[in-house]
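Supplied in structure tokens, the structure appears directly below.
All chains are identified by letter, namely A, B, C, D, E and F, in their written order; residue positions are counted from 1 within each chain.
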């Protein structure tokens, strides 16, 4: 029989308690992380080209995540008849990387440090942005790890090489990743409409091994086919820009683009990926709470992350 | 020829006038209700487990309903080539049940009283929540009525028996209903993702005669099949938790859950139900206006209720 | 190689600079418009029957349009492998028509004047409302032009003849247009649910040559069929009421109606129309920013207009 | 002993019940008004020169007024040791004047009709705007009444004669009033900063008998002196533009102006006026709820109106 | 020289890091509190009579408190030339009391438990509401402590004895406190306008030893006099209802009332009190973030609490 | 007689037209500025330590400024019986400085360039931030100008020298200015409560010639005395951080601090300064529209700037 938290002690309703990620413990001592999953906030947003505000993304996702924290013994999903994230999966909240205003380099370095600590502890790093430029230090932190494939969910290609000297803004991360020798390829899904990447960027991406699919192309082929486009069995890092989703459910972001993914498309894609590949790192970026008056976007981010983690560890036998 | 209200007297634009439900008359004398439909507000929200604010749901739905009140002789729908809610259908607004702060029992008792008065008058009771716990006194009020089947549109199963002594919160109503001998069965549609009901709740629900279908299961089978899952011809009470709908159209609610119904799925289901079954009562709950900055959720609630009433009375010959 | 604006001078990020339409030049001298496209604001909203506020629609659309202005040499769309709106397409922002509070006639006359000036200059007039009544002076301005077919994207039929003396409110424009001898027919797509047009209005519309299709009828037939319902090759004026779209993506409007179009349905319809017909004028109306807290609606309006213009001029050889 | 409403029947908390003004009865039969006070909504806002939205002012003030409705036997004020608005003062809510979109003349005429009905019934008319142009029909309705002095609380002089043909917008009412032979003089308090009235307007106002005082002039002289500037004992009509108050407490209005009145300045002025003069009519205008996210402005409007009514009838012996 | 936190390790900008109160450590083990100050959240709001939402008050105040957390060695105030809250003052965040939906008694009991734990640890209890009813269990928790005087900052008297059976709602706490033999008297400052307390309540309060002063009475006498109205040298518990402040700075609350305190009035009063009396407990209640769109109210709450704590410990020699 | 713009051509209501500063002409050719006043946007906000969003300050101030643009022949102020900003004062809107995301140095250099162009043209530069770090390039641009005194209106001292390498964030500008040999002294008014400047910063400021006055000190001495604290007759640059004002009127800013200035305090101070000193440059910073839901803060910024410019040129004989 289940051993629900609320049976022993507190009822712990979602609106009660300090907002850490999933109401998990904080571990500020990064040299002593003992966890399967280490969640890190990266509240950096100087890389944005339209609206700022993603610096408050981590706090917003933490608060939204409490809605899914009922003190049950794991999260039962009746559609899958599965209990996800049982107590055997240990998640800790590392707090945030230190951000230095006006200084992109130092801020990125501090994010990289956090991810390296998580990796050193053997935990799956989950980074909550911040703008998409925080993916750059995340990928940098894997320089001593085994190679992996990069899967991106996004409205924008983010493949600008350099412009006016900028190489580490939120329009550049996929280009920076593609340059790494330990990134074996890219799947860029959800890409649509105009953005900071011009035609040359698309050409460069394809030349450097990217598989670019729009929402309509994704939809036309179906989720199953899209999962199969990712090389089977390889290690995969997943970067989710919340603007890959449709503005109807993810309005709270800096550069929204109509015509995005609905919830189940991404959910089912991630569920399939978790079964078929080894997930080595995750970031979810561009949640900007000031444009998210109803909280819908942060709720989506929390719901996606918690479910994705559930799928990953379920595939690893935590049930 | 049609006898439009604006031809005789006032133009009565939607933004003009006091916000009663559908701009219908108020009847505060509950012992003299003379109506086909009696609409009651149940502004109770102490039963919520995350965001509060559903206490202002009735006022918000009333105001939103004025958008659909143009003083026409009924509401013409060109898709159905039908005129719904002609003047022959008499709707009254009963105002709100009296709510006693800090006191769930008394508040629920007052809601029950209102529904009993509507039933005594031979009117179809339509209750606007408030949180989903208000369904408990609604169902209680039917104790002297003939048995009926319960149809629920919701993201959450709401089938918790008891926890920390709580038996009448917004996570308990379907369990409470299932215990009634005059509730012959439950159809619970739209159920998805994690909620206050744990695995045991799902097992209990199924054991007590519930048919649980997720949004994706509903979608895969199609509306027609879903209507047929409800026993044919039986009396049906319909409880609609607005969070059964997708947060893209119903963000203004306490515990939103991504991946919900789109408008037409529920509309067509209710239209089919109205033709195939006798509707004996309706509640629509969990509209929380403070999280509904654009008014979209309240508009949805009003649009669903007015259309559903139209379908019901059209099926009864009011055309 | 592309000649991107940012290579020569400024980076000109979307959040930088004064908000004109697409960051194009202002031309206040309407007698010297030298442009392919002349964009005019029509900030009039006394014609609304529910929420006001569309007077700030033009400013909101202008600001939202800056998100799509990255200083590239045209907008590259990877799905179509096409570069839209290259520098050869000259767009100017005419500013707004002068609006006289309390006076519908004068305000409408000033809008008509602006459209006539655009037509006289040989530019494609694009009018940003304002409420849908601004379509009336837009159509009036074509009195000396060759006949055209009118295509409307809208939730509401807007076919009221007269009520309480009102003939030029936002419920009347399609009736007014149908009365013109130079309007050869109407395609009214997206029409659904109750509105100010009663049953007689639908009958009159059909009698006067209108093809009325709901969202579900549009969806059931498919975009391709819908394009074919519009007479082939004829000149077409397109009026887009933003409430034709679903409230999930277009909540910021005066009279929202659930069950509307998703983005791609309208986009693909307009793309097809641009290939098959000559577009002689465009208006996009009813964006009410005060109900658009996330900016989603204005973003949609800007995205639709910019893409539609791209399709039109691409079809004319600007690539 | 007090005979509180909640002792006999319902507790009737502020959030419970349909939102009429002060939760008083509706009287839609204007030929049978039996009341000391008749409250009329005038949801007209085509007269505005900046933000619209005052059309929803009446509904917002009604809802806010419920906060002050606890079902007590009158409202006890411990500072005055007085019980205001005991049951002997009968207030009814007339609902709204009929507004005809696009048509200022008809809309104004309908407002005038409502005020005339209130006057005919011997009730004190209290009109909730709507923009300040609704004061024009209010004053017109007094054409058969005895002369009175007009007291205005406002940021703007509203003394434009005519511009581009406009004579009945929200910049014109005080000029229109000053032209009446039954308006014996004007006290215009709170006037500050730039507005639609130019220098000539100020000169004309003074020439036509107006006493213009800014907020700082009011403050420097003190409330007592300001009351004494109003002719003693004469009949007084009071028009309150909510923008007379400071934007810190009244942000929800169309043309806010910094440096306005604080609450007690106006309250004490009205209290003194109620003792010293006979109040023959009241309007309170320009509450625009869409700009009033916290509800502060509507709360202020309700609090001012209810207190002012209390002062008036207390002075008449209702205690 | 100062030993600023940012010199050794992280810059720790206000927007960085998990939102605990003042970014202090969490101590979930209430039997091992080692602190001078123990901050407890009491997210209970079933006691409200108008707007709900104060359940999210603790989280909002925690987040707002981060704005004042720059990692300095204490907070330097140039006006006082004093450094408040140096590292020698140890503050811990206890998290929240467990709240049981629908059940006021159990929820209140859990709040009482938390306060008792803080007292047992010798820490100053600081409770963040929740609605004002949470003061009832706070005061109950002092039953074994030495007597004290109660100072209330509030718009409302909150002195209802019982109504419809309710004795523990947010209109009752001061009456409940006055009944305690260990509460030696009450100072109720800021009381104004109509509320749930009727005339009899005021009479009862005075009879039971209350000193009631309105904002205007407070202002007329001056802060110094008001401090002197509190018995000198006695132990004092301070309960601050955020609606004691003016809606201009504290709009985010359930029952706002115009004409409230400005910031410095309360600040200087608390500063004087801290010097003249021993503060034994504090609660700050009724912050409702959903009505606090700009965050102004939560910022005020955090600023008041942090300054008040600074004053208290400065008076005790922590400088 | 006055030559009002609306007499000749358009009525040009505030809500009509593209939002440039004061509806003045745009001059994008910075080498051909012909104006008395050159207004430049500096949409940079990477220097913020709490909330971002000031990048949209320039657009928001521009839009708000249209409320004060009625097409009159100057702005008549009845309190001063003066007409400010007659047509003889030529104002142009330069648009925005080019901002390079992630790069503080380049962005600041572009702002400096704009100010240098304005100075070269002999125009008074008026810079709209952006965060307060934009003051750094503004002051840098004066390196070839004659010395001046710096007057700051602000809640925060902004006198941090360096921390974690940051020397050009929004906590540093006054320190950077004090280091210039052409800045002869500083008046820092409004400073209050905790901020990023620690005790040492205050000591350094005083040592480097700063006169620091809190809001209460300003208030106690009175506006006249405060004006006299600024050296008489010297050239003065004025930097206004909108958070110098109280959050009640300026909530839309990154680091609000309660207890700030009311409108008239700053207005009268600036009016006196304009008479007594030569104003050589102005910046107004930290307006963050996303936290300014009612627009109150942007309205304040526009109202202060337009009035201040009026005072300056009135003192120079433009009347």
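Keep this in mind: a contact is a pair of C-beta atoms (placed from the backbone, for glycine too) under 8 Å apart; a residue touches a chain by one contact, two chains touch by 3 or more.
Remember, predicted model here, so these are calculated numbers, not experimental data.
Annotation of subunit D and subunit F: jointly contacted by C, E, touch as defined at the top. Annotation: A-B is the more contact-rich of the chain pairs B-E and A-B, by number of C-beta pairs in contact. Most remote from subunit B, judged by the distance between CA-atom centroids, is F. Of all residue numbers used where subunit C meets subunit F, over half belong to both copies. The two sides are thus made of the same residues.
Computed centre separation for the pair subunit B/subunit D is 39 angstrom, with centres defined by C-alpha atoms. Separating the centre of subunit A from that of subunit D, both taken as means of CA atoms, is a distance of 54 Å. For this pair, subunit D with subunit E, the centres built from the Cα atoms lie 37 Å apart.
Contacts with at least two other chains are made by residues 11, 13, 15, 49, 51, 55-56, 100-101, 164, 166, 246, 248-249, 291, 293 of subunit B. Taken together, the touching pairs give a contact graph of some other shape, not a line, ring, star or complete one. Of all possible chain pairs, the ones that touch are A-B, A-C, A-E, A-F, B-C, B-D, B-E, C-D, C-F, D-E, D-F, E-F.
The touching residues of subunit E, counted against subunit D in their complex, run 49-51, 157, 163-164, 166, 191-196, 198-200, 202, 212, 214, 216-217, 246-249, 251-252, 255-259, 291-293.
Every residue of subunit A that touches subunit E in the complex is listed here, in rising order: 10-13, 15-20, 26, 41, 43, 55-56, 59, 62-63, 93, 95-101. Contacts from subunit A toward subunit B in the complex involve residues 2, 4, 6, 11, 13-15, 66-68, 70, 72-73, 75-79, 83, 246, 248-249, 263-264, 267, 293-296, 299-300, 303, 306-307. Those residues of subunit F that touch subunit A in the shared complex are 45-49, 51-53, 55-56, 100-104, 106, 133, 164-166, 168-170, 290-291.
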